[in-house]
Every structure is written in structure tokens, then in C-alpha cells.
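Report on the structure given below.
Chains here go by letter, A, B and C, matching the order in which they are written, and residues are numbered from 1 within each.
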């Protein structure tokens, strides 16, 4: 018998003009001790399902139709007070961001014991003992000491463990976890998933895991429900759904997931996205403005040579030298990037990979070492004209599609700005023509120029960013996590676009990502970073097949296994060592 | 420790301002002697007062005497400024204290209520009243109160402190007599009303913001009752920003007392300061500047310590 | 050709108007009846003040039409009233209603000038402090911190006092206007600077600014073209609330006798004059200008309040 059963659930948000239906007739059930995954891209309504079950829909949302049963008892129409008694006692909840989920001004103990004593008839000392036991169960060392501490004294992963302890502290029958590992690093994510799986089995707790990440689904769920635009498109046992997807949306979603184990030439086109644009007229790169002035001198050796690069940030300034605190974000890093290749930098948050991108583009000034670009030493460059010439040759694409475009400028002015600033066109008419061509070429269409950035989706904005970066006719392009804020199907398109552009224009790329699978799809050579140091540099295939450094091995082991996923539609590409011939 | 250093620097900067005011705005000699005094006599006086010494020496001497509570002689009254202030400080402090208590005791509960019950009509009334409270200038509130309660109804006095009792050698209090307390009512409401509305609106805004955070959502998802969520989690987190602003507002009360004292002819240092501004009595002005600055800095210092007690993040960083 | 382009701009303008009418901000404006009333009220008061010379029944500055015999006439619905003076007259026989129109005019001029001056000073310093950071930032913000410990009214009083000391010999009639604006602007710049600095520090770390830097665009252009337009929202809110505050502060200073002189009376000056007659029963001389002042400030505050909520994404 199922523990939690959702029948024909419809959730609506009445708005000013019309009522928005976020969830359409969803029917699901979870059995005791099993894990159900709800997967979908942004806007699929997956979080809304979780909030509706626990009775915490955001205003003005409401359950329009359908029923929710807990052990056969209907709970969606209970009065508020009884719903509250259900929360925590019978249904637990885990939120995405462990950094903001805990009250910063209360000790862990006070937050645990208050929850325990609300739900269970226990004395203060019994509650305290139980709290310590729970912390131990979720894998927090020295629980009797740590329990007296405040949330800020815990790391992100440890805080998520505390959050899990809080969700479990009154022995609920079901736990709803909304993107429980999205805010965490890969290695921490693996540990937390392991813990959740173990707790479910040990305590016979059912769990609903809401996520966008196919890897998480493949890793821990028994059943999976795929949602698209508020509707349930496919529902079944996990290996069935992932291995032999029936619905075309599931099929295209799965084929868009980058795999660590195989490299594909291009991601297959996904039908289920409207925004996918293709250029209406193909410009001939050889004769077009974009392809002109590309006759650079061949550099001696590598295009970019980085030697002993170091960056130290002051985290606490003080007049007394002994009281100053520093953070060594980048420590003596050296590597080369050859003309025409894509060099990948991979590492967890805080490993210094983005800092390197900002050092190369001159956003930060290094504390030590040298950066040689096409034979020019960049760090000692002072002449403004030379600096500008270098800036023009290297451009950057940023991570966040929402903040990387100036919200107060029209798209046309955003893309025209670098052309005008570097005087790359003779007249305003020409600038206009170039901007139109660029917009068309990145698949947005000419009409996009007159709009403002907020009228576009995340993937489209990333295309605008790419057009802006191309507008200086760069030879070296730095992509700093260009797709990590995007849904997986959009990510596939953007990666395709970047691959095409590189091929057409013979660009050299530095591609930065925390996601080894994405790195594998894009790069010829890869550098692995940790705590500001470069652990290992190797050719792509060599790194995945035969990692040398222990950290690289660890990273590869922790990757969620994607072997379950169907391989239909995928075209494998050949070995990836050599850069494409220019 | 670092805070104390900062406070000292602030005081030093203010002292420099006060000194500049004292030394360079208007010629002190002109104010002290009659028109008939000869140039030689003026020069002698100048020498005697040390006005020909290098500026840093003069500044050091200024600070030295200020620390000893010596601010020179008032141009208008020909009396030592410190004596004038001593006589008037109790009146201003009692008035400020009464209005601060009024502002806090009324403003905080109203703010909490309006923050928690955003849609209720009572909070809407609170909010409208507070907006009127902010829009009415202090002096006009005083005039209206006088007009209704003193001129028309004749319930309460419109000026002065009433009967006062002397405590010790220089403190006088109006708290111990019926007429003193009656005289305190209108001025302290006038003075406290603006701060009260500000505190209420601030607490409401902070409450609304905190209620939307993840940890409040998570507390609800754990099934904690509203009472716990609101008072243990939300209110405590609201306090951190509220305390800073409230501290600043209490400082502002002492400054705004100037206006209230003028309207009610309250014999405090604000009234004296205002007369000094009108008559360009520089020694009183610079002394007032230093005294209020000292009060503000002390209040801020206390606020910082309170911060420390509330926020464990600050506490543990030190330990 | 030109026909086509005007056509284009017209449709573009119409589209923009339609978008504005359709936007959430405009909708929240219409939804709040109080705000609509406040907007109309503000507009009416501004117009009355602006066209005071045309609308006012008397010219309070024209000595020829003022007679001391008309002094302290009560408003028209009371005994001994004179139908020529709707709201009665003051101690010199000036029509109170006209005095209020002209007084409001002066209050508003002082208010607007000081808000603009404070905004220019504050925005510039805030942008520079926020973008440059480091020592420049530390110096500007320490000054702001110190100043913030002191309430604006006290600073204005001190500056006014000091200015009197310096310009003692000069013509006060002319100078009090400028001294007033100067002291108000110096008291209010901090708020702009702090807000703009805060937003600038957030904006400067956003990737669009980094993208502009990667392109090679110099700091001054980034500040003016990229950051400034993105920090105007909060500035607008502060400016509106500050206008109300500046009007109140000006009135307070004038009431205390250190603002506008009786020959160029602002609302505060009128109330100060009337305050002397409160006890002798001629209440209208103080109360009517006071009510006008309260009404003006209340309306502006209501608009500012709404603007703050409408522009605050957190409260949506």
C-alpha cells in the first residue's frame, strides 16, 4: 500500500488577467521506504507539487482539483491547524539551499529540540539526547559538541545534514526533498545522496526527490515521474523510464544530457523547445565582416602561455601585518592553450578556475606570474592602446544569463557597443548591418535587436552574450560556466552553437565548468583544479580513461552514473586528442 | 576595541569642526570687547588668550579644556558656557527620556502587529496614522496639541516644566511633582511621535522581509506553531537591523528636542542652542555640537554592544 | 521616407504607452486608490503653487494693496469676517489664502532645489565610492557615517549658524535662500550616497559590468552609461521621500527663525508668525498654513511610499 498518494492534482495561481495552472492533473504514489523522483526543467511545476502536498503553496496559489492521501487518509482538505501538525510529524521537508534554511540566531540544539518537543511528548533532556542521536545518524562528527553551535559554524554540506536531521526529527513517514543537492559541490552531493538513500532504507521512510538533475534520478530513485509544463508526461520505474523512454519529451530530454562516458559530435536537436532558432540566411564567414581580419601571425608555440600565475585576495585588512588574512585563490598555476583548441578547466566551487579567467582578461591583476598572449606579456602591459588591442582579441562569456546583460539597454546597443568602441566599422549603417547579421547567426533573428534583455529566456540571453563577445572579432574566447544556469535541453543547444562557432571561426577557447560531463563534450585538453592549484593536465580521453592524480580519480568516481540512460539518438564522435585542423 | 577607536576618531573630527567654528567664524575678540577698545588693547587680549599661537597648539588647548568641560564664555550671557549647560541638561534629558520611552513602548508592539497581520484593517489604520505622523512636522504637532489641550480645553500647560525638585547639587527633576509630570505630557508626545512612527514602520518592514526568508519557510515546514515561528525566529532576526536604526533615532530625539523646546518654551539646552544660532553665540554652538556628538557616539557604542549580544555570528568571530 | 519613420516612432511610442498602461507598476498604481488621490492632490498643490501669481486673490508682496486695518481678520465663516479674505488675514493684513499659495511656492522651490543639489552630490560621490572602492570609498563613507550620526536638522542649523557668522554683514534677505539650500543639500546627500554606493557595489560585480570591462570600456563610461541607469530606481524613491523631508525641514528652520525671512515667507515662516497669536484666539494664522504644509507633505509621502513598495522586488 502506498504511503503518499496524489490523485489528479491541479494547482492554480489566480492572476490579474488569467489563472495560471502550474500543475495539471498529476497522479503519483510513493511506497514505504521507496524513493520517487520528480524530474523536469524549470517551469515544469515540480516544486509546486511538493509545496501543495505539504500545504505551503505560495500566495495566491491553491489546489484547484484533486486529492492527496497519506496512508489512505485525505489530507489536502484538512483545517490549517491539523495540516500544521502533519508537517514535520508525518511529512518532512528539505529545501534546496542549506545556507539559508537555518535560523542564523539560534543554536542547532534549540532548533532541533523545539521541533522534537512540538511533535513528540519528550522532556527537554530527552529531546536533547534524541537530537544528538539524530546528528550522529546524519553523519555529523562530535554531535554532542557541535549541537551547541550556530549554523554559520557549519560548512554547506554539514548544514544540509543538519537540515536533513531537522526533517527527520519527529519520525515522519514521508520526506519531500526539493532540489536537495543543487547548491552543493559534486563530492558533497554524492555524500548527501548516499546518506538520503541509507536513511530511507534504515528508517523505512518514503521520499519524494524533486530535481532537474538526471544524474540524481539515476543514482537514488526507484520510480521517476517526468513533468513538462505542469503535466506528467511519463511515470514508471526508474530504469524503465531512463533506459527506454516512451514519450518524445523524455526521449529528447535524456538525449540532451551530457555523458561523462561518451563524447558526442553534436547534441541531437530537441523538439520540445520553441526558442530554438536557426539562422535564416547563412552568412559566408570567409567574406563576411566577422571572418575578416583574422590573418593573425602564427604565435611561437602556444597562443596562451600561463606561468606561475598567483592571485592572493586580502580577506581581512589590518594595519598590523600579523592580523591580516589572505586567500590564495590561485597558486603557481602554469599551462598552455594552443591555437584552435578548447582547453577545459574543471573544479569545484572555490577552486580558482573563474579567477584564472578574470586574470587573463585583466579584470583582476595577478599577484605573481605571467600571462603571455600571442607573444605579448599581458601583466606588464601599460600602454593603453596596446591593452585595448589585446582586449579586443579576447572575449568572455559569463555564467549568469540574467546579470550579464545590462537591463537598461536594448539588445542592439549591447551588441553594437564593442563594435563602436573599438571602431571596427566605418559607419552606423554598417554597425547596424553587422549587429543584424550577428543576431541572425546566433539564432535569435533580427527582430531581437529592438527588444530589452528581460524579454528573453535564459538560453536566448546567453546567445546575446555570445553575439556580444563575437562583436570584437576575437580570436580567443573564454567561457566561464556558460551553461550551468540553464536547463539541460537549452544547454545542449548552446554547446552546439559554441562548437559550430569555434569550427567556423577557428576560435581558441578556454572552457570553464564544474561539470565533468560537459567538459568532456567540449574540450580537447583538460586541467583539473583544486584549492587554487592545478592538479593535472591531460588530453580529454586520457583524463577520463586513465586519471593520474588522486583528486581526479575521486572526482570521476563521484560522478553520478549515467549508464542507465538510453543512448538512442546519440552519435558518438571519435577520439578527441587533436585540435581540429584550422 | 576597534569600535572604541572609531568613536574616538569621530569625536576628534567633531572637535576639529567645533574648534574651526569657535576659532574662525566671527572674531572672538570683537565679541568680547566694546567698540571703544583700542587696537593695542585688543592685541594684548589676543596675546593673552593665545589666539596668536600656532593653530595646532590652539586646537590642543581647545581639546584640553573641552575634556575638562570648559567651553569658554557665552557672548550673550557673559557666563561660562559649562554653567549654562549644567543648568539645562536635566530638562533636555528628562524630556528625551520620556519621549524615547513613549516611542519604544508604543512603536514596537504596533510594528510587530502590523508586520505579522499585513492585511488586517488594524494594521492599515496603523500604517495610515503613521504616515500622517511622519508628514506632520514636529513643531506643527506641538502647535496643534497646544491649540487643543492648552488653549481650548485648558487641561495641560503649554509651556515650561512646571514645579521641579532639586536632587543633589545640580540635577532638577520634574518627575516628582504633579505639575512637572503634567507639563511633560504634551512635549514628550510631540517629540516622540515622529520616532514612534519611524520605529513602527521599520519593524513592520523588517518583519515582512524576515517572514519571507527560507528559514522561516523551513520552520513552518517542520510544523512549528505560528507563535514560535513569529516570536522566536522572526522577531529575533528582525531585531538586528532594528536596533541600529532605533539607536540612531534615540540620538535624533536629543537633536529634535531643539524644536520641541522652542514650541513649549522648555528650558533645556536645545532652546539655548537655538537662541545661540540666532544670535551667533559661537561658544554655545560649538559646545552643543561637542556635547550632542558625545551623546550620539555613546549611544552608537551601546548599540554595537547590543549587536554583539544578539548576533552569534559576531560573537564567535571574536572568541 | 520621413513619413514612414514618423509612423514608426508613433507606433513605437504608442506601443510603449500601451506597455506602460499594461505594466505591473501602473496597475499597482491604479489598484491603490489612496495613491491615485495622492497623485491628483500633489498635482493640484503643485499647480496652485506654480501659478500662485495668477490664481491668488491678492498679492501679499504688493504693499499698496495691504492695509494694516485689515489685520487679523478671521476666516469668512466666522463673525467679523471680511468676504475679501476667505481664510482671514495675518497680523499685517495680508490675505492668508494668497499667503499660503505663495508660501507653498517658496517651500516647493527650496525643496526641489535642495533635493536636486543633494542628489547630484550624493549620486556622484556614491558612484565613485562604490565603483572605485578602496581608499576613496573609505574616506567618503567615513564622512557619511560621521554625518549620519547627526540628524539633518541639526546639521542644517549648524551650517546656518556658521553661515550667519561668516556672512553676518551681508544682506540676509538675498542670502538666506542660498544658505538654506546649501545647508539642506549638505544634510541630505548622505542618503543618496549610501544607497547609490550600495547598489553600485552590487552592480559592479554583476557580469554585464565585467563584460564591459573585458571589452575595454573605461571606468567613467561604465559608471555613467552602464551603472547609473541601473541604480536610478532607489534614487527616485529617496528623492520623493526626501522632497517631503526637505519641505518639512525647511519649514522647521523657518519656524525656528533661521530659514526664510518674513519678507519672503514660506509656509514655515507663516506658521511662526501665527504661533504668536495662537493664545489670543487668532488661531487661523498658524493653523491654516500648517494644514497646507501637512497636506502637501502627506501627499508627497504617500506617493513616495507607494513608489518604494512598487519598485521593491522583494515585496512582490
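As a convention for this text, a contact is a pair of C-beta atoms (placed from the backbone, for glycine too) under 8 Å apart; a residue touches a chain by one contact, two chains touch by 3 or more.
Model, not experiment: these values are computed from the prediction.
Participant: Taking each chain's centre as the mean of its CA atoms, which one is most distant from chain B?
Facilitator: It is A whose centre lies farthest from that of chain B.
Participant: May I ask which two chains are joined by the most contacting C-beta pairs?
Facilitator: B-C
Participant: Report the inter-centroid distance (CA atoms only) between chain A and chain C in whole Å.
Facilitator: That gives a centre separation of 47 Å.
Participant: Taking each chain's centre as the mean of its CA atoms, how far is chain A from chain B in angstrom?
Facilitator: 51
Participant: What whole-number Å value describes the gap between the mean CA coordinates of chain B and chain C?
Facilitator: The mean C-alpha positions of chain B and chain C differ by 25 Å.
Participant: Going through chain C residue by residue, note those that touch at least 2 other chains and give them in order.
Facilitator: none
Participant: Provide the residue numbers of chain C that touch chain A in the complex, in ascending order.
Facilitator: 27, 206-208, 210-217, 226, 229-230
Participant: Show me the residue ranges of chain A that touch chain B in the complex, using the header's touch definition.
Facilitator: Against chain B, the touching part of chain A is residues 54, 56, 84-89, 92-93, 95, 97, 100-107, 114-115, 118-119, 150, 152-153, 163, 166-167, 169-170.
Participant: Which positions of chain B touch chain A when the two form their complex?
Facilitator: 213-215, 217-225, 228, 232-233, 236-237, 240, 310-313, 316
Participant: Applying the document's contact rule, which stretches of chain B touch chain C when the two form their complex?
Facilitator: 10, 13-14, 21, 25-26, 131-132, 134-140, 143-144, 146-147, 151, 158, 208-209, 212, 248, 251-252, 255-256, 258-259, 262-263, 273-274, 276-278, 280, 282, 285, 289, 292-293, 296-297, 300
Participant: Taking the touch rule as given, give the residues of chain A at its contact with chain C in the complex, in rising order.
Facilitator: On the chain A side, the touching residues are 16, 358, 361-363, 387-388, 391-392, 394-396, 398-400, 403-409, 417-418, 421-422, 465, 468, 472.
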